[in-house]
Structure formats: C-alpha cells, structure tokens
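Have a look at this one before I ask anything.
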Amino acid sequence: MKYIETLREGERLSEIYLCKTKQVAKTKMGKTYYSLVLQDKTGVVDGKIWELSGGIDHFEALDYIKIDGDVTSFQGALQVNVRRVRMAAAGEYNPADYLPVSSKNIDQMYAELLRFVKSIENEKLRTLAERFFVEDKAFIQSFKGHSAAKTVHHGFVGGLLEHTLSVAQLCDFYCGHYPVLKRDLLIAAALFHDIGKTKELSDFPENDYTDDGQLLGHIVMGTLMVDEKLKTVPGFPHKTASELKHCILAHHGEYEYGSPKKPALAEAIALNFADNTDAKMQTMTELLAGNAGNHDWLGFNRLMDSNVRMSTEL
Amino acid sequence: MKYIETLREGERLSEIYLCKTKQVAKTKMGKTYYSLVLQDKTGVVDGKIWELSGGIDHFEALDYIKIDGDVTSFQGALQVNVRRVRMAAAGEYNPADYLPVSSKNIDQMYAELLRFVKSIENEKLRTLAERFFVEDKAFIQSFKGHSAAKTVHHGFVGGLLEHTLSVAQLCDFYCGHYPVLKRDLLIAAALFHDIGKTKELSDFPENDYTDDGQLLGHIVMGTLMVDEKLKTVPGFPHKTASELKHCILAHHGEYEYGSPKKPALAEAIALNFADNTDAKMQTMTELLAGNAGNHDWLGFNRLMDSNVRMSTEL
Amino acid sequence: MKYIETLREGERLSEIYLCKTKQVAKTKMGKTYYSLVLQDKTGVVDGKIWELSGGIDHFEALDYIKIDGDVTSFQGALQVNVRRVRMAAAGEYNPADYLPVSSKNIDQMYAELLRFVKSIENEKLRTLAERFFVEDKAFIQSFKGHSAAKTVHHGFVGGLLEHTLSVAQLCDFYCGHYPVLKRDLLIAAALFHDIGKTKELSDFPENDYTDDGQLLGHIVMGTLMVDEKLKTVPGFPHKTASELKHCILAHHGEYEYGSPKKPALAEAIALNFADNTDAKMQTMTELLAGNAGNHDWLGFNRLMDSNVRMSTEL
Amino acid sequence: MKYIETLREGERLSEIYLCKTKQVAKTKMGKTYYSLVLQDKTGVVDGKIWELSGGIDHFEALDYIKIDGDVTSFQGALQVNVRRVRMAAAGEYNPADYLPVSSKNIDQMYAELLRFVKSIENEKLRTLAERFFVEDKAFIQSFKGHSAAKTVHHGFVGGLLEHTLSVAQLCDFYCGHYPVLKRDLLIAAALFHDIGKTKELSDFPENDYTDDGQLLGHIVMGTLMVDEKLKTVPGFPHKTASELKHCILAHHGEYEYGSPKKPALAEAIALNFADNTDAKMQTMTELLAGNAGNHDWLGFNRLMDSNVRMSTEL
Amino acid sequence: MKYIETLREGERLSEIYLCKTKQVAKTKMGKTYYSLVLQDKTGVVDGKIWELSGGIDHFEALDYIKIDGDVTSFQGALQVNVRRVRMAAAGEYNPADYLPVSSKNIDQMYAELLRFVKSIENEKLRTLAERFFVEDKAFIQSFKGHSAAKTVHHGFVGGLLEHTLSVAQLCDFYCGHYPVLKRDLLIAAALFHDIGKTKELSDFPENDYTDDGQLLGHIVMGTLMVDEKLKTVPGFPHKTASELKHCILAHHGEYEYGSPKKPALAEAIALNFADNTDAKMQTMTELLAGNAGNHDWLGFNRLMDSNVRMSTEL
Amino acid sequence: MKYIETLREGERLSEIYLCKTKQVAKTKMGKTYYSLVLQDKTGVVDGKIWELSGGIDHFEALDYIKIDGDVTSFQGALQVNVRRVRMAAAGEYNPADYLPVSSKNIDQMYAELLRFVKSIENEKLRTLAERFFVEDKAFIQSFKGHSAAKTVHHGFVGGLLEHTLSVAQLCDFYCGHYPVLKRDLLIAAALFHDIGKTKELSDFPENDYTDDGQLLGHIVMGTLMVDEKLKTVPGFPHKTASELKHCILAHHGEYEYGSPKKPALAEAIALNFADNTDAKMQTMTELLAGNAGNHDWLGFNRLMDSNVRMSTEL
C-alpha cells in the first residue's frame, strides 16, 4: 500500500483511501467540483475532483474509495487531482491501515487489564468488573476499539484501553505508596472511570461526539452503566456501590470540568490525580513525538495553558 | 398543646416536645449537665437539665420527650430548666405538631401535581410520570413528606412537593408564552427535576444530608431513578429519554452549582430558569415573612449576594 | 417587490434595496471597484460594481438605491453584478420592506403595553409611566421602532417593544404566583427597565451602539431618563423613586453584566429573572426558527455557553 | 476634657461622651442593664449601667450624654461603670471633640480645592464645578464634613475632602506627565468623582450607609447629581457631558467594584488609577500610623489581599 | 515521662513541657493570671497559673519548663492548674519528646534520598545535588529537621525530608511509566523543589513563617539557593540550569498558588503532579489517621474543597 | 533615505531595508517565490520576489538588504515587486534608521536616570544601583537599547529606559505625596523593577522572547540579577535586601500577572501602581498618537478590556 506520508509531487496514484470529508464547491466560473480529505493511518491529504464525469462513481464521506489521480502541489502542500473514483469492496482493504491506532499491542494491553480485574480481592467488586471486562462481548469489542478522546490525547484506536490501563497502573503504584488507599475500590474505579466514553464518542472512523455524549456526557453515562450492572451482582453492598459511583462522578476533580461532585474519598482523590496525570503526560508525549528532535518552543498549548517545548538533551 | 412561640418567662411547663439535639457538658465545677434544643413546629427553645437525678429517664436526640420544667430567661433568650423527662409514647403526640410544615394543604397540592401528570399528552412520558407519582406508594409517601432543602428555602414537610408544583406552574406558563417549548417534555422534566432529593436528604425530623446525598447528589440520583424506571415503560424512545435526563442533569444551569452539563435544549434552559426563579423568590418570601412589617435592611443574604430588604408600601 | 430571499442565479434584476455597507476595493490589476451589502427585510446579498462608469450615481452606505444588475454565483453564494445605480426617491419604496421587523403587530403590542400602564393602581407610578408611554410622542415613536439589541435577540424593528411587553407579562404572572411581590412597583420597573436602549442604540436602519451608549450604557441612561421625568410628578415619594431606580440599575443581576448594584428587593430579583428568561428564550426561539425542522446540533452558542439543538418531536 | 485614650483603671469620671450605641440586655439573674459604647475623637470605651435607677435619664444612641462613673477593667479591657446619666445640653460640648477628624486643616484643604476649580480653563466645565463647590451652600457643608468611607480609609470628618483633593493632585501630576490627558476634563472628573458619597453615607456621627446608598450607590448618585446640575449650565456640550459622566461611572475601574462601564477614555483610566492609588496608600498610611514604630507583620489586610508590615528603617 | 495524651483528671503532675504560648490575662476581679499552652509530641493541653507568687519563675513562650500542678477539667477539656514553674535545664529533657516528628526513621529516609542523588547519571546535575545534600552540613541539618509546612500536611520534624523523598519516588515511577521524561532533570528538580522551605519556615519548635518567607516565599528562595550553588559547578550548561530553575518556579502549577511561571516542560508538569499528589494524599492520610476507625463525614476540608470521609471497609 | 511611510504606487525604488521576515511560497502554477516584510523605523511594507534569478543574492530574515524594485498596489495595500537583492555592507546603512525608537533623547533620559541613582541617600542602596547603572558597561548598553515589551507599549529602542524613568518619576511624586513611603527603597526598586527585561527579550532588531524569558520571566531574572550584585556590596543589610527583592517580585501586583507574591510593603504597593499606571497610560498614548485627530471609537483594546476612543476637544 502507498501510504500518504510517502506521497511525492508528480506521482501517479491508484490506491484505496478513507474519504474523511467530502464537500461540494464551485469555481469562480460556476463549475461544480468536489473537495475531499483522504486519510490513512499515516496522515491526510487534500483531494480535488475537478471533472464530475462518468469516471466518478457515487460515494460519501467515511466511505473507503479507490482513486486514480496525480499528486500535485498547491501553495506548498500536496494535493491529489482525482480522475477516477469508485467505492472499494469489503475485502479490498484493511480498515486498520486507515485509522490512527495505538502504538502498543491491543491484545497484550487487554490481557494486562484482565490481570488487574483478577487482582481485585473483594469478590463483589471483582464480579462487577468481570460483568464488563470478561462477560460483555459487545462492551469488550467497543472498549478495545475506542479512542479516549476526539482529539487532545489518546485519540486513536485502542486509546481508551491504553489510557485506562495506564491509569490503573498509576493507581496501583499509589496503593503501594499510600497505605491509606483501599486497593480494591481504587483499581475498580480506575477500570470503570471512562467506560462511558464508549457511548460518548462514536466508533471509528467517525470518532465524534454522539447525541447522548453531548446531552449526558461520559461521566454520567459511565455511572449509569455501572448502576445497571450492579443489579446483576447479588448482595453488592450499598455503601461500596455509592463509593464506586462517587469515584466515577468525581474523577474530573472540579465542577468546571464536568464532575458534579468534588472527590470526597481518598480513592476518589487518587483517581482524579491518576486520570489528570495520564492525560497531560500523554498529551506532552504525543506533542513531543510529533516534533521529534525539535527543542524549539512549540507554541501555546491550551491544555497546559502555556507555550511548551522539549527539554534539552543532557 | 403549649406551642414554643407562646412560652413566657416564669411559666411552669409540662409538655411533649421533639428533642432536636442533646449535648453532654460540664459546669465549671465539673458537674455534668445536658444541654437540649427542644422543637415544635412554631420554633425552638434551649433546655437545660442541671440535675441528672432519678426523674430523668434515658432519651436521645430526635426522640419525642415529655418534660416538666420552668421557663426562665438567660441573656435575653428563654430557656427551659427541665426537672423531669420521660420518653413520650407513640399515641401521646402528633408528629405534625413538631415539624415545620408547608402552609399549603399537602393533599390539595398533590392533587394539582397529578393534574399535571395527566396533562402530559405523550403516552410514554405520562406513563413514566405515573410510574412514580401514581404507582410507587413508597416514593409518593416520601415525596409528599420531604423538604426541598436542609435550610435556605422550602425546608419543611411538603416543601419538595410545594417547590415541584411551583416549578411546574412556572413551566406551564412558559409553554404558553414561548411556543418554541415542547410542553410534554418540559412538564415531565419539571416533575422529575428534584426527585433525587428524596434520597439526598433524610426524612424528617432529621432532614439532613445522607451519605448517598454527599457522595452522589440529588441531580445524579434523580437521573438514576428515572433511568431505572424508564426500563419499565416499553418502547420509550431513546432520544426522549436522553433529553429528559439531560434536563434533570442540567437544571442547576452551571457547572459550579453541580450540573455536569449546561442546558442545551430550550426545555432545559426553561427548567433551569423556573427552578432558579422559584428558589430565590421563595427564599425572599420566607425571609420577608419572618420580618413582617419590617422595612429595614435585613443584612447580607448569601444566596442573593446582597443586603436585602422589603420594598416600601405604596 | 423582488425579495432577496427569492433571488435565483441568472436573473436580471431592477429593484430598490437598502445599501447596508459600501467598501471601495481594488482588483489585482489595480482597478477600483465597489463591494456592497444589499439588504431587505428577508435578508442580505453581496453586490459588486466592477465598472465605475457613468451609470453609477453617487450614493453612500444606508442609502436606498435603485440597482440594475444580474444575479450570479460565486463560491456557492449569490452575488449581484451591478451595472447601474441611482438613489431611490422618497416615495419609491417603503422602509418597512427593508428592515427586519417583529413578526407581531406593533400597534397591538403597544395597546397591550398601555393596558399594563393603566393597570398600575398607585397614582404616582401610573402618572410617571404615562409621562413616557402616553404623553412623550418623540419617546413613543422611538420606543416602538427600536430593537432591543444590535444582534443576539430582538434585533429588529419593534424588538424593544416586544421584549418589554414580554417581560411585563412574565412579571404579571410572577405577581400572581408570588404574593410577596408588589405589582405596581414591579410592572412599572418592567416597563422602564430598557427604555435607555432608545439612546444606547441608534435608530434603524443603522441600529448600532451610539457614543452615549458606549460611554454610559442603557442601564444608567434609563435611570437618568426616569430621574428626570420623576421631577414632573408632584409628590412622587422619595423611597419609591429610589426603589424604582434600583430595579432598573440591578436588572442585569450581576456586576459583570453591567449592573452597578445587585438586586436587593424582591421586585428587583423578579425583574432580573424576567429579563434574563426572556432574553434567553427569545434567543433560542430565533435560533431554532432559523433552523426550522433541523434537529442536528447547531454549534456552540455564546449566550448559552453550550452547543445547542432543538429537542426531538414527541 | 478627659479623652478616652487617657482613661486609667480606678479613676472616677464625670464627662460628656457621644453614646455611639446602646443595647438593652439581661444578667443571668434576669436583671435588665444597658451596654453602651462611648466615643470621643480619641477612641471608644465600653460602658455598663447596671442599676437603672432614678439617676439614669432617658437617652438614645447618638446622643451626647454626661456620665458619672468609675473606670474598671474586665478581661483586660477598660470599662466604665456608669452611675448617673443625663442628656448634655447643646452648648456644653464641642462635636469636633467627639468625632474622628482629618489631621489636616479642612478650610485650607477646601481653599486648595477651590484653586483646582478655578484652574479649569474651559468655561463650561468650570461653571459646572462652581455650581457645586462655590454656589451650593448645603452641598459644600455636607462635602466638607463627610467621610470618604464608613471604614477602610478616610473614615473621618473631612475625609471626603481630603481624598478628593489628593485625587485631584495626583491627576494634576499625571496631566504634566502624560500629554495625552486633557486637564480640564480630568480635573473636573476628579472633583466630582465621589460627590455621591454625600448621599451614600449619612452625616457624622452616624456615618453609615443610607437607604439610597444601598439601593443606588455613590457612583450612580454622583452621576445623577452632575446630570441635574448640567441643566443649569447653558450650552454645556453634550459630548463633554457624556465624557464627564463616563469618568464618574467608570472610576472604580472594574464591574465587580460597582462600575457599570470600564474606563474607555484616557482621562477615565487616569482617574481610576488616581482613586485606587489614593485609597490604598491612605489605607496603608492609617494602618502603619496605628502601629507606629512597629515593624512586625500586622496580619492579613483584606484590601491588600496580603499580610502587610512597615518596611525597615534605612 | 508523662505524655500529655495520657493525662487524666485529678492527677498530680510534676513534669517538663514545652511552653508553646504564654498570654497574660485578667480575671473579672482584675487579678492577673497566665494562660499557657503546654506541648509535647503527643499533643497540647491548656495550663493556668492563677497565683503569680514566688513559686513562679520567669519564663517565656518556647521555653522548656518544669511545672508542678493538678490536672483538672473545664467545660469538658483537661486543664492544668500550675502551682510552681521553673526553667528546665539543658540536660533535663530531650527536645525530640516535645515536637511532632515523622513516624519514619529520618536517617533511613535520608540514606534513601542520597541513593537518589547518586542515581543521577549526568555529572553536572549530580554534582549540584551533592553540593547541597552531601557537602553542605548546615543545609543538611536544617533540611532533616524541618517540616514541609506550618500546618496542613507534613507539619512535623522530618516532614520536609519525608515529602521530598516521596515526591522523588513518585517522579521515579513516572520516569519508568512515561519515556518522554528525562530522569536526571526530573529527579534533580524533585530533590530541590522545596529546599527554600528551610528558609521560609523557622526551625522547630517555632516552625512559623519567617520574614523572608513572607516577603519572598520558598519558591523564589529555593531558586536563588540553586542559582548560587550553580556557580560552584564548573561548566554547568546554561540551558539545563534554566530548565532546572523553571521546574522549581513552576512546581505549584498555577499562578494563583504562587508559581510565577506555568510548567512548560514535561518534567515541570510531572513535578507539579508529584508535589500536588503527595500534598493531598498526605493530608488525607494525616486526617484519616487522626480519625482512625471513624467512617463518618469529617467536615469540610479546605484543601480538598469538600466534606470528606474514610471509605468503607470492604 | 527613502522612508517606507513615504512610498507611493508607481515609484521605482533602490534602497536598503531591514528584512524583518522571509517566507518561501509557491504560486498556483507551482513556481517558487519569496514573500518578505521590509522594515524601517517608519513602518513596514510587503515585498515579493517573483523571479528567483541571478540578481537575487542569498539573504536571511533580519539581514539588511539593498533592493531594486517597483512600488505597486495589491488589494489596497502597497507592495514592492523586487527585481534585485544583495546584502548591504556594514557601513552602508545606519541601524537607527530601521528600528522603532523612543521619541525622546536616550542620553538625556539616561542622565536623568543617573540623577535618580545619585539621589538615593542610603549608601548601600545607592552603591547597589551604581553597580548596575554606572559600573556595568555591558548592562548599561543593553538597558539603553532595549524595549520594555515585545509589543503592547514601549516596544521600541529606548523603551525600557523610558518606562523605567517614568516609573521612577511617578514614584518620586508619590514620595512627596505620601510620607509613609521610604524614598530610597522605592526609587531603588523603581530603577531595578524591569532590569530582567534585558534578558527576557532579545536585542533589537529581533526583540522577541528568549528561552530564559519563557522559562523564568523578567520578574525572577531581575531578582536573580539583584541577588547576585548584592553580594558585591559589603554590609548590605539583609532586611533591606529582602524588601528590595520583594518589591521586584511583587511589582505586577497579582499572581495571575506573574508575581509570586502580593505587595506587602507600602513601597511595593506604590511601585505596582507606578508600573501599572505607566503601562496603561503609555498604551493609550501610543494608540491615540497612531490615530491623531480621530475621535471615533478605535475598537476593543485587550489591555483596557474595553472599546476606547480619544476624548473630545474642549
């Protein structure tokens, strides 16, 4: 496959890409043309279809399309002049080639997540975790393929899993470091804290806010999901159920970040730190990785509320 | 019955009161005594038991107690010197005499609330409302006897009902005034918006934040209650369910007031105004009623963030 | 008349429009041309005058001009290529066809407003209201023709009247609902609360902030207007005058929204709610009306501080 | 006269003081007594009247009273046990002995203020200033005797004059330093900026917020006062009138400090700095003067939002 | 030694305590007495000296004093009625018995800290760390004996060391977890981040803000200390020096918490999280330890901005 | 020399300018061209090099270049079509012609600054000031040639000196006006308050934030510079050193503006006012000077947080 990051001006192209967006526009002369964004996992490139002739089959945004065209350059950026388009058939391409994806092995990460599930000593909490992460096949599939965000950080296939695992690892370290923490409650809360994101964001390739995501948000939807499953675990203690839901509700730490309650238990405070630490460190990791070897200032970063740069090599 | 607001210095007293609080203290001489707050629906008075002799039976805070004593005065306030105490028997008193209670008739208010339930034209939303307000006896009893707040406003038996009805009436007026509003959704949201308070605050006479109230809050608990009942209404449309839950979640209007989402639908915006308007107007009503005929400045009010006073008679 | 919302590409045009703006620009070849925005009450369209030949008479922005030209399309939007222009004569057009205007009948609304004036029982307050709304012809004309805002909501001829009437109706409902409110004071305050807008915004078609509007604002200017008229009502009680001015000053509710005082009277609190409720509900009404039948998310709305959408049909 | 700051335990006392407050209270035994605060210009002292016998004539708070009594000590503070009280007659005392007063000569300060009035070159602005500071006897008397604040800074007789003069002097310096400033406008605005305080605070000895002060505030009342007088100056230019009122309205600089407009003219910005600089420097002056020679930390100061202390002698 | 937490009413006492505070007061009868707070490492108790007779030698606050007296009870709290007092001689007591002290072994913690120093691979950074933690005897003694705060958390002897070590351990874990971090820079920054506290807070037993602490703060003083020592390490790279100082300056993360710069490097972000996580987790640890076995709500905690409680046993 | 502000369309040009920026771009046809910003002290103009032929020598941004070309006009703005370019030789131009520069005489301002240095009576403080402003030649050269800001105000050669002198003059006036101020401390603090800007911003013509500026900021760097020089003044009192550093640290007045401490001394408060007053008055001066004779509203100004305009001529 010819990846987008390897395209060079002047090449002829005959390849399948994901059509991320498609817009209908008009030239000054009043002629209709299509403006596309073509995507694979290595990046995106603009495409133009100037002649809407017979060689251009019907397609829509988010379709996989086989295009024939030429790589040109416009105002310093590459552009594909598309001459022919047709819908790609199901077996012709591998979706994994077209989506941003975790650099880590998803199955290995999931296996490690399951070890965290098994490490919960309290039978009720472990059973609850198994209801989601062992027994609920639809949930598991969605969870493994989801991002943790539309953009910002962990915005790729497997991102939700990678973030959840990382938060659980941070919490595990905290439990060794701060004896005041009850490990079973904290690890369970870490595993569940972002499961609402499977409903807040649509599946790839769209990966955008859903209607429910906008109306309810992942914090409340995750709490509702846990509340429903709790009823399938006989004898689950009411106090522990409330504390677990509290940890999920409070994990953003501040009202202004969408938590309807401030953390009131040591475990809720710890979860908030783990989530926040991982979000910001991963954002820096992605940002600096995208500027490898560059020690210049990278401009104002909204999440950090500061101009940022990589530190000097020692 | 001898109501507390009618007590006068020098009277002998033999009456049943609710013991709101009981504290054990010591005189400078090291002698143990009890310091009580006695309550009926007309107010509270301090009580002291200086002699813990045989005439003082065992009792605890929130018990109804029969006391014998004398009304005295200390530093300008009345005080009851208690000589004898015993627990009151169940039939000896009527709890309604001891709790602050709505000045309006609870059954009439509830009947009006049911007319709102019946006025919902959409069958699914009306059925959902009936699940709570017609069919769920335990919920109905709790809802009718609850306050809408620990203090601030509507802090009395029937207060939750009175506030809910008033918010529904405001919303009803809005629906006539602003055609953009969908009445069924708004009235249903008005009826449900504070049902979580039946779990956030304990029953009278305690009327204090519960453990769940502190961990989860009435906004999320009300959403969970609606979410659970929704499953008992076959074919309830998913979109409407999400919009209804959104209205409940967003009814405080601002993150800093505990809403995890800002109002995003016209109905959610209207509900937020109805709730806020009623809370502040009722607070002013209670405040000015407690200072009848007084046109002086009443001091800084935290909710209004201002010194306040009654306006001049015209 | 050929309304702008009915124009189609390819049409020849000979019509009078309001020239909202006029800018002088140059082509890459250095040739001077005019770029116009043409307006009638149904909308706006861009106009270009490429040839500044003899057929182009002198005109300025905010003139009514008779244009001859062709409707073309550029980058998906219509554009009028203007060949000839002359100033329209006074009798050739009806200004009402060129300005956004309330969908409600202005005279009927004003009649209803006068019923509110007459309903004030206190003679002094009613006389004061009559000084403005019955006796002051210049004020009445300005008030009826004004918008309530440059943009955001009620930004059309009659908008100030429509908003004022709606706020008075909300306050009237409050008075029935909350006995603590003194109706005469609240209705008078509702009628006067935005009269300063007749000075804050210039008349249509300009409808923009005046110099005084920027320096003083409608809240203070309205207070000054009331203060001046008060002197023409013999025996107006000082206390009531101060309370009325307080209601006007405090009607934005918060310092950060330009109120130099927080509401301190029940009537001032009620007026603030009526004003705020009407502003936001009307904003939603205009926004959703402009997207009729569209249940998609409409994007972030600054006033609501949220992405918004219309709720689902039930 | 025997000043309060010179009282010593054990002295017999027969002196006239201002009775700042008077409260009726009861001893544990139920006996009524009066608790007073006695004031002269050197400070305050508590007074107690334990025996309400024939020697105690009728008097109220803010009366000047002749008392006979003994200076005692209670919990480390002096206290006057009052045996006899009568109302002091008009000629028996000099009010100036009983009120905090500027350390500067009021007439000299006023003379300097008048030189500022005369230095305004623009005839209209100077005439307006003369309307207040030369022609309006009632205003002049009130202005010279007023404080600039209830507490915080300049809370003494002459304080309003002293602050106004100091602000004018700062503005005068700014005019020499920053040629962009128009001196006539800025000096006039400085003279008028706090005249509303003559209505916001009652006269001494009460010196407390008036009803109008709470409802309208000195910023708006000063603007109203200027607006009214402006009508007595024929041909006063409208633009200058608006700019002058703007300077008054904006002189607190921030919405949250009660200014309904932010400074938009260079002169308004300069006035805001002069007012703020003088308020804080005078607060520090009064604070450090009250702790003469003390270089310790003086505790958290709310206005400075910091713990403060005097700097070290060099 | 008779520890304060073991005192019982009725006991006779002859023991050395630290006199934390000493105040001179008067009884209602005008008799002078002393009010003391006596302290050892197990807590504090009030003391009263009613008779300032010959048995009471001269002493001041923060002196170690030998007292003879009786343990009594007043309003439910113990109180020592002191009959005789003399200054304790240097060898009579062990200061360690009188000060709150870390529950961990200070020398073991310091040894672990030195292992972190040695683990820094970059020679310049390691040398700089050795300048402080190996070579500067006065600094080492002060650092080991200091608290990390006046109150709130780690407010005991060894607290600064314990907190610094814990932050270094968290950072060490981060370095393994997030490859983007440069371990040498982060570990060095962790070791130095709070060294300014040795100058911000005075030594025990006073442990209060110093004059320099109030004027400059530990963030800037720590930066100055590092800046000065840097000059003793030949060839220390300028960029690394600036980055290290940046990490110290930015470690509070927000301007409002006293950091003049927001974290702009991944290492500065990580240090901010480690510091904040440790401060809050230690606060919860101390709070819950002080309420062992208590699962009730413990009241509003200012640092957490929430009511808090211990989570339920699983 | 042909200054940029005098260029007219159609002129032939052969002149040396500073090349402020240089960007490589491509036409739609794919042809490479250069887009330049040319600068002299009167302003900037765009330049285009369409033909990268032999007449175009190598040069980079911030080089002084000799250009031959034609002045044309594009979309209403002038543009220079450059035909030939070569590097200018050192003696061919005077840098002072190419940089924005103070309208005041730099040497005269510096002489006045030195009079302030000499006016410090305390020998230690005066010696410290001399260490910088008399003895440190490198510092003096940098200080005299620096701006006080990248943009906003005083963004020109000599701007730092002009601002520092103006702040010292304001402080000098304050010292006469407020006897509570210690002149030596305040004048010294005024002189030093922004010396860190010599390191925060690079020299002209770049005048941009340095790496150290971003990591540490001028407030802390100025404090470090003073701290280092202090060690060269034998016997400098520790208290005064701390107070001086405090004044520098606190001169922005608020945490959110980068001051790690709030002003706690009268002198620190005064310095904060002087700095803030001068910054805003100079911003207004530059803004209004750039719109001479224009009394229209100039649009929203971020520093003033308001739309601004020049006040009317009296």
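Each chain carries a letter (A, B, C, D, E and F) given by its place in the written order, and its residues are counted from 1.
Keep this in mind: a contact is a pair of C-beta atoms (placed from the backbone, for glycine too) under 8 Å apart; a residue touches a chain by one contact, two chains touch by 3 or more.
Because the structure is a prediction, the values reported are computed rather than measured.
Across the assembly, the mean Cα position most removed from that of chain D is the one of A.
When chain centres are defined as mean Cα coordinates, B lies farthest from chain F. Put simply, the C-alpha centre of chain A and that of chain F have 45 angstrom between them. Our note on geometry: chain B versus chain F, Cα centroid distance of 62 Å, whole angstroms.
Multi-chain contact residues of chain D (touching two or more other chains) are listed as 211, 214, 239, 243, 261, 264-265, 307, 309.
The touch graph of the protein chains shown belongs to none of the named shapes. Those chain pairs judged to touch are A-B, A-C, A-E, A-F, B-C, B-D, B-E, C-D, C-F, D-E, D-F, E-F.
The residues of chain E lying in touch with chain F in their complex are 211-212, 214-217, 219-220, 223-224, 227-228, 239, 242-243, 245-246, 249, 255-261, 264-265. Interface residues of chain E facing chain B in the complex, by the touch rule stated above, are 9, 72-76, 297, 307. Listing the residues of chain C that touch chain F in their complex gives 25-26, 28, 30, 211, 214.
The residues of chain C lying in touch with chain B in their complex are 121-122, 125, 166, 169-170, 173-174, 177-182, 184-185, 237, 239-240, 243, 261-267, 269-270, 273, 276-277, 280-281, 284-285, 288-289, 304-314.
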